[in-house]
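Below, chain A partners chain B and then partners chain C, in two separate complexes.
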Partner chain A sequence: MKYATFYIADDLFGIPIYLVQEISRQATVDPIPGNDSRIEGLMNLRGRTTAVINLKRCLFKSGITAASTGQRKKMIILETQDGLPQEALDLGLNAGDEPVVLLIDDVFKIIDGELESFYPPPAHVNETYIEGVMKSGEDLISLLSIPKLILGLVTHMEDTNHGS
Partner chain B sequence: MAADMGAAKRFSIFDPSIQFEHREFYERIVSELNGIFPVCNQGESTAMEISANPTEQEQITELMKRVENFSRELLDVTKKLFDQYYVAKEQLHASILHTTAYNKINTLDRNLLERTCDVRWWALETAFSNCIQFYEETRKEASDIFRLLEGISEASSDADDKALERTSQEISFSNQLERIKGGLENFSGLLKQNALEDFISAFNELNNCLDSTSTANVGKTLKSFLKRLIQLASKIEFACCRLEDINNSYTLYRDLVIADSDGFIIANANSERRLAVLGLCVKEEAWFVKALDTKNGTEYFAQDIYPSNVEDQLSLVYSTAVRENSDENDKVSGAMGVFFDFQGEAQIILEEYMPMDEAGQILDGCYSMFTNSRGKIIASTDENILEIGESAHLPKRNRTLNDGESMNSYLVFEGCDSAVFSARTDGYLDYRGLGWSSHVIIPKSHIFENSSDADIYDISAEELLNSKIIPDINKQTYRKVQDDKESIQLISLNGIVFASKLGKRGGALGPIFNQITKSGDYVTSRMEDLLKEMANAELQLNLKALENFSKQAIDLIDRNLFERSADIRWWATDEYFWTALLNPTEENFIKAGNRLKVINGSYTMYRNLVLSDANGDIHACSRTELKNELSKINVSDQVWFQMGMRTTLSSEYAVQDVADSNLEKNKERSLIYANGVRRNGEREGDSIGVLGILFDWDTEAKKILHTCLPKDRQGMIIEGSVAIYTNNQSEIIETTDAERFPVGMKLDLPDQIFDLKAGDTVSGLLEYQEKRYIFGSSKTKGYREYEGLGWFAHVLRPIF
Partner chain C sequence: MTSRAKGWDVDTESEDLLKEFVAESAENLSAIEQTLLGLETNRSSKDVDEIFRAIHSVKGAAGFFQLTGIERVGHNAETLLEKIRSNDIPVTADIVDILLRARDTLSDMLFAPDFGNDLDIDELVAELKQAWSGHPDTAQTAPDERRFPANDQAEKALPENDKIENKPKEKNQTGPVSPETGTGLLSNGTEKSTIRIGVDVLDELLELIGEVVLGRNQFLTKYERDKPFQTLSQSITKLHQHVIQIRMQPIGHLFNKYKRTVRDLSRDLGKKIELHIDGGELELDRTILEALSDPLTHLVRNAVDHGIEKPGERSNSGKGILGNLYLRARHESGQILIEVEDDGKGIHPDVIRAKAIEKKLVTEAEAGLLSDKDVIHFIFHPGFSTQEHPTTLSGRGVGMDVVRNNLEKIGCMVDISSKPEKGTLIQARIPLTQAIVNSSVIAGLIINIGSYTLAIPQVAVNEVITLSPDVEMQQIARIKDQEVFKLRDKLIPLVHLEDILEIPRTYISNDGKKSQDRRQSFVDRRLEVPRGEAKKSRNQRTGADRRKDNLIFIVLQFKQNYFGVLVDRIMGKEEIVVKRLPQLIKHRRVFAGSTILGNGKVALILDINGLVEKAALNFSRHQETHHQAARRVMQDDKQQVVVFNYAPEEYFAVPVNLLSEIDKFKIKDVKKVGNREFIQRHGKSMPLLRLDKSLDVSSLEKPKEELIFLVPSRIKYPTGIVGCRIITHIELTENLNTKEADENGIMGTFFHNDELITLLDIFTLLQKFDPKRYHKKLSSNIEQCRILLAEDQIFFRQLIVQYFKSYGIKNITVCKNGKEALHALIAKPDEFDILVSDIEMPVMDGYQLVSTIKTDPRLRDIPAMALTSLNSEENIKKGMDAGFDAYEVKLDKDRVLHRISELYETNKTNPRNA
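Right, the complex of A and B next:
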């Protein structure tokens, strides 16, 4: 299977390519009120209002300041469950029902990899969203779990709404 | 054939200036980009093969079209990139060499302005007007004596006619008489070196012979005239001596001459040329004629380079009238001409800033010259090729410049494709110049040669490309290349994403997008390399420009301070000062004070001139309103005074480095030159007091530093740049930015600056108060007898 890999600060992450609808430059994001800094804001995606998730804020534990790469940021527009090809479904991949956009620091490349080659995640990242780690050449790539990420954000939002 | 180096110039890749490596580089990029188009066509065909779905086909075709568009844009950017690279090199070189050409003529004009002050001031020396006046009176009296002797001669002749035979003694007397009469008739002939002394001796003998035969009255008249002749010889000797004193102080003259109103030179400074010069008639020479026409002591005449009888080489002469009683408004009694060592000075200036080999010789193919207003060469770095007096074979536009105008052209010079940078003088301050131009010729290959590696500097290429050093147009190109690189990368990635969703059908598209990614990466990374090379070249040239500015700053102050060292050496011999110190009456000190005031009136670059006795008590000053205050100050513990007292020769001088002084309470820093005043103005001996001159250091230094600030291509001073002088303790002694780089502050400078030898320059990067700068620094080498004080000039330009 192929993986789209990208940078968050100096670390490399990857997601299955089937979960990617498109990679683009950073578009305009409208901030939304709320106290969850992991949500960068909303953007208009081909006429649909879409949430933009700031992955850096999701992945790094508090207190860790990630250095900026100096590059312009990029966006990964995630595929919806409806858009997943049969091959993805056969592999048991899941996506959200609504389109979601991930804000990343920079795109790296598309790599080939097998799920079996992933190791347990490193300690410095929030392991909740990391399914494993894979070596690609000299690079160490953390595999991100999109369902867990989205679920975590939705749960948080629901908790916040109930609390208020 | 000459070509313009104007802003409209575009470099085609086939321009001969483009280096072979760059042409090859260009061709590889073009070939790689051209290779993308068939790949895209293949991608479109593959889309048809693997999918019957029109939407899918359209999506792939759309991606391929976008790749083709970006490839075309990159092709265009590549051409522009080379153009920008070479234009940038050309413009930076043009800016540096134009400044060089201008600096050369400006340096000369600054020098010549001082010469116009010199001649006007020196012509008021009493020794010269006294000498001319005495000579004129003696000459008139010589006519009377001639008539008197003619009477004696006739009487003697009558007696001879009556006598049958003349004795040998009588014959000898008669011959002697005729010789004396001849001398008196051609009185100016006596001005020839030793002629007057011989004449006096002969006249004395004749006088002795006549003593026994002539009447008492005749004897008295002749004796009186003899005494006058001896006095004249003494006055001429004194005038020559004073001219020598001046010349010893101001060593950039080959000769200084005083002529009477008929154009006969009666005194000169150059003892080696005295035999040829004294008694010479210059009444036909323009410098003399125009000097007599000056209306008052403020006027002067500058005689452009021409052959004068006074010298055996082409002369540049400044002249003015010598006036009766040394009064600048009195009647004209003669003229003073000062013969500037133009050739020597021009050589120094022409060789400055020229590319040199390791042996210190100007590189082959590089030339520099001055031309006069008629386009004739008046000085050059290679007289075999650029012959003095010949027309300069330059494009017309380089020869016919207006005042202050500059021009750059390409031409073939001595068989070499070259660039010529010309600048015509616009004078300096109130000196309008003589319409001269300066030209610098450099091989074209020198302009476009590869720069050395910038890796030695602590700055990355990316930082450099985003810095203020790089012009906006080049930054825009850099961003465009990065943008296109990113676009192609994103298209390729999205293509692979798209292909993967087609499952096995999409497998055929994978290699196509991989090829696009590979080609895109190759092209853009090579273009980035070229941009980095360009940024490196820009950095190197900017560093060179800052080195030149710092060199200009130190050279200008050195030259200025040389003039100050000359001033002090000459003024310390002034009669008013030693008279007052030898005979310290209030009246004499008032006279000395008035004399200082007159000098200061002409030399406004001084804040005050003070005369102290051997104990360090100040008795006179040019700012007479400060006299009471200063007379309470004893300066015996001050360095300038102590050094001045220790001088034993009038050709020596002392200078105290910039420091606080209680003579100037309202000034942060003073720069004081001093020299001992000697008994009777003698050239050698113990000091009987000290003359101290307080240079208006900060005003003059600031003015110079401001002219040495770097400018952008529009001629505007680059924001945040600063020019400073530091002393040998790294303490700032003058600055163009008193807020960030205040006077008195010690500057933490890179070690390489301290390793500089006199006259050398260095450049690099430094950090000051968390701000990064590129800098150029130069160490003083002094100028002529002024050895410099170990100072440095630094010019800094912010990187961000």
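Right, the complex of A and C next:
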């Protein structure tokens, strides 16, 4: 399976290419009021209001976030379940029901995922969303689980909502 | 539906035909229900024809599908109708009854598994036969029931053009259009062709047209002036309106359903009731109509069962035998008002009172203090039923609380009023905001708050108010912990939108630094210039300064209530397309949806319901009355008092406008220092005053876990007066008995609903409670002071005179207005030491009075003090400019007396008196 890999701060992350609908330069994101900084805001994606996730705030434990704040440059528009090709479904991939946008720092490259070796997730990364680490040449790439990420965002928010 | 038709080889084509049959027959049957009901009162041959045709075509098609049960019932009903048509059989209530039952059975069978072929219809068929043959012989051999496709006789009897009913392919079919039209489009002779569409198709259409509007909006600024674009734009708006229109249905459809309910029920109960329908043409979204159906059924049943009396009872009480039930719908101030009213026996407040006491919802004494209007609302209390023996009709374990809850689910606000022997009126109000559905286009107010752009549905916006500095800010006050704004005759709670939306408040200080804004009240937040520092003069102020000074409030309407939110800027009005919220923010109930604005930006749409929930804005009845109470005080200065108790049977009253806060506290939170009790309030400790320690009143019999405190307003050191609970708010009439007044803090007593209530003199109470803080330090011979008081209101006259008397001042002359006071002064200029005058008075107000005496050399040295409830800075300035030497706010006894004393002292050293 091919993976799209990208930078967030100085770290490399990857997701299956099937889950990527489009990678583009950052468009305007309109902020929404609220405490959850992991949601960057909403954007107008071809007439549809779409939530934009700030991956950096999701993945890094606080502290590191502040140190590595840089200009965001790119965004990944994720594929929806309806848009997944049959091969992807055969591979057991899952996407959300509606489009979601991920903010990343930069695109790295497309890597053919011969999964040679797995490592436990790096300590400074919130490992909840990481399925494993892939090695490609000298680069270590953390593999991101999109369903876990979305689930984490939704359930965590519901918790905080109940708490308030 | 698969394989429901016996003996029919089920393929796709026949399946489709069968579906068509069911849909069409259902329409036919549902259309004739109303016609049947009309038959009883007014037998018209046109109506009989219509019913006949409907039954005939159902029967015919059933024969085609070999649905024997339906065919049998249909056949016999048809035969009966045939005889009615030929005037062989008169239309009686019984005949209509049988026909109605036949109709119901046909309709049931249509949707039953196997088309009701297993249903026992023998009894009904026998009855029908008996009806048309005139004798009960079931073996009657008349027209062959199985004849196919239709009864010959019937076929012949039909006028030629009616036969098309059986031929679905025929164009311009004149069948009834909509399931519940009832009026029967057949009758008016105009032919309307109709098609049926699934609701999902409509929704899709709506979504698409939403996209079109959105696209149009984005071009709006660019091509606004282009003629072709304008035309296109208008067409789009119209198109959208039409699509919306399709989803709407007149509420008459729903109302008409109850004709049957009322007829059947009243017959069963031996009552005569006429149902009047008004405003049936008002249109509502289908979903809302569906939600209204059950609660209205319950209310209609209630009215027929419990409300309207039997004919005998009615004539005994001098009413017409015919009971009247009204169903009404109309628009009223941005809401849809639905009423169910009957002219029956009404609900007796005393019955409710007794029941409420029995159910321990109130004590007997408290129930006595509640007004009849308030008492009635207990019927919305869960488990509260006034019917001793619930009948099968309406007492099905469903109470009025369920009705109210169901209505509230769709945002309805329910109110009830009832007069014994006159009838009951129930009103449900649906805010128009409820009608917002996905992809619909609504008018929205686009606002800015912080760095966010949000949309507010226009229908929820009552008005927009810009508060300029100084003057209007005085209109903001605090009741309990809630800031309120006085808008004309209303007190409107103010809501901090930033808090609800979880936006950190930022405070931009004079040097441009941003920091967290911790100021709690709007009033504080406006004061950017520290006290004592001079304000920039007008021409020095920049635009930014001015913006910061002005507060923009949007008054939103929630159900019957209003509340205000503060916004930074209003961007304008726009037609917005409501879109679903992305999954990731769906849980935020403060947003109703999202939209894309003309500039391409995404904005969230505020959900008014959610806002209220999040703000925990309690529009409960208690608070409403509190606000109403305060409102009345502000409106016409009538004295409104809060009645509370301490020991169970002893009632005390305090004027509402003397209170800044009423709140509950827990005994376990009370800290004791020696004999004194304290409680934390706003982070500070506040002493608690127990009435039994200051006055000769009973103490609490048993300790309570929770009590209330009342904090007087306009005092330097807040003290909480402890009470047990708030009983009610009432208007103080002028029959205050001041003979009971004593030096310790009782102003007088009065009776309300036979209960003795003691009006407290808060300031004396506080003085006794804490002499060190509320000390007297008055002029030594203040008793000698001769005062001329100008005050138009009896209550305040009494109160102020009493203030003075409590300090030993006896020489008080009272005038009812400025003119009287002026005459008194001119007549005897040397007999008064001080003039104390109200501002707002008839004939001549305080300003005129003082400016006149200050220009009169004989009078101008008499110190004049304004004593008023107008306490804005502007009023004070105006008062001082007019010539008052002092300006004090009524009811602050301590300060008033001190000021009198000061003025008296200065005046004594005045050469005039030397």
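Operating definition for what follows: the second predicted complex is superposed on the first by the 146 of 164 C-alpha atoms of A that agree within 3 Å, B and C clash if a C-alpha of one lies under 4 Å from a C-alpha of the other, contacts with A are read in each partner's own complex, and residues count from 1 in each chain.
Rule of thumb we're sticking to: a contact is a pair of C-beta atoms (placed from the backbone, for glycine too) under 8 Å apart; a residue touches a chain by one contact, two chains touch by 3 or more.
Small disclaimer: the values here were computed from a predicted structure and weren't measured.
When both complexes are overlaid on chain A, the residue A:V154 reaches chain C alone and has no touch with chain B.
Judged by the number of chain A residues each one touches, C leads among chain B and chain C.
Of the two partner chains placed by superposition, only chain B is touched by A:E22; chain C is not. Of the two partner chains placed around the shared chain by superposition, chain C is the only one that A:P31 touches, whereas chain B remains out of contact.
By the document's definition of touching, of the two partners only chain B reaches A:E87; chain C does not. Of the two partner chains placed around the shared chain by superposition, neither chain B nor chain C is touched by A:G137. Contacts of A:V107 after superposition: chain B is touched, whereas chain C is not reached.
Contact residues on chain A toward chain C in their complex (touch as defined above): 28, 30-35, 39, 41-44, 47-51, 53, 96-98, 100, 150, 153-154, 157-158, 161. Residues of chain C touching chain A in their complex: 211, 214-215, 449-454, 498, 501-503, 579, 581-585, 587-588, 594-596, 600-604.
Every residue of chain B that touches chain A in the complex is listed here, in rising order: 462, 486, 489-490, 493-494, 496-497, 500-501, 503. Across the complex, chain B is touched by residues 2, 4, 17-18, 20-25, 70, 72, 74, 85-87, 107, 109-110 of chain A.
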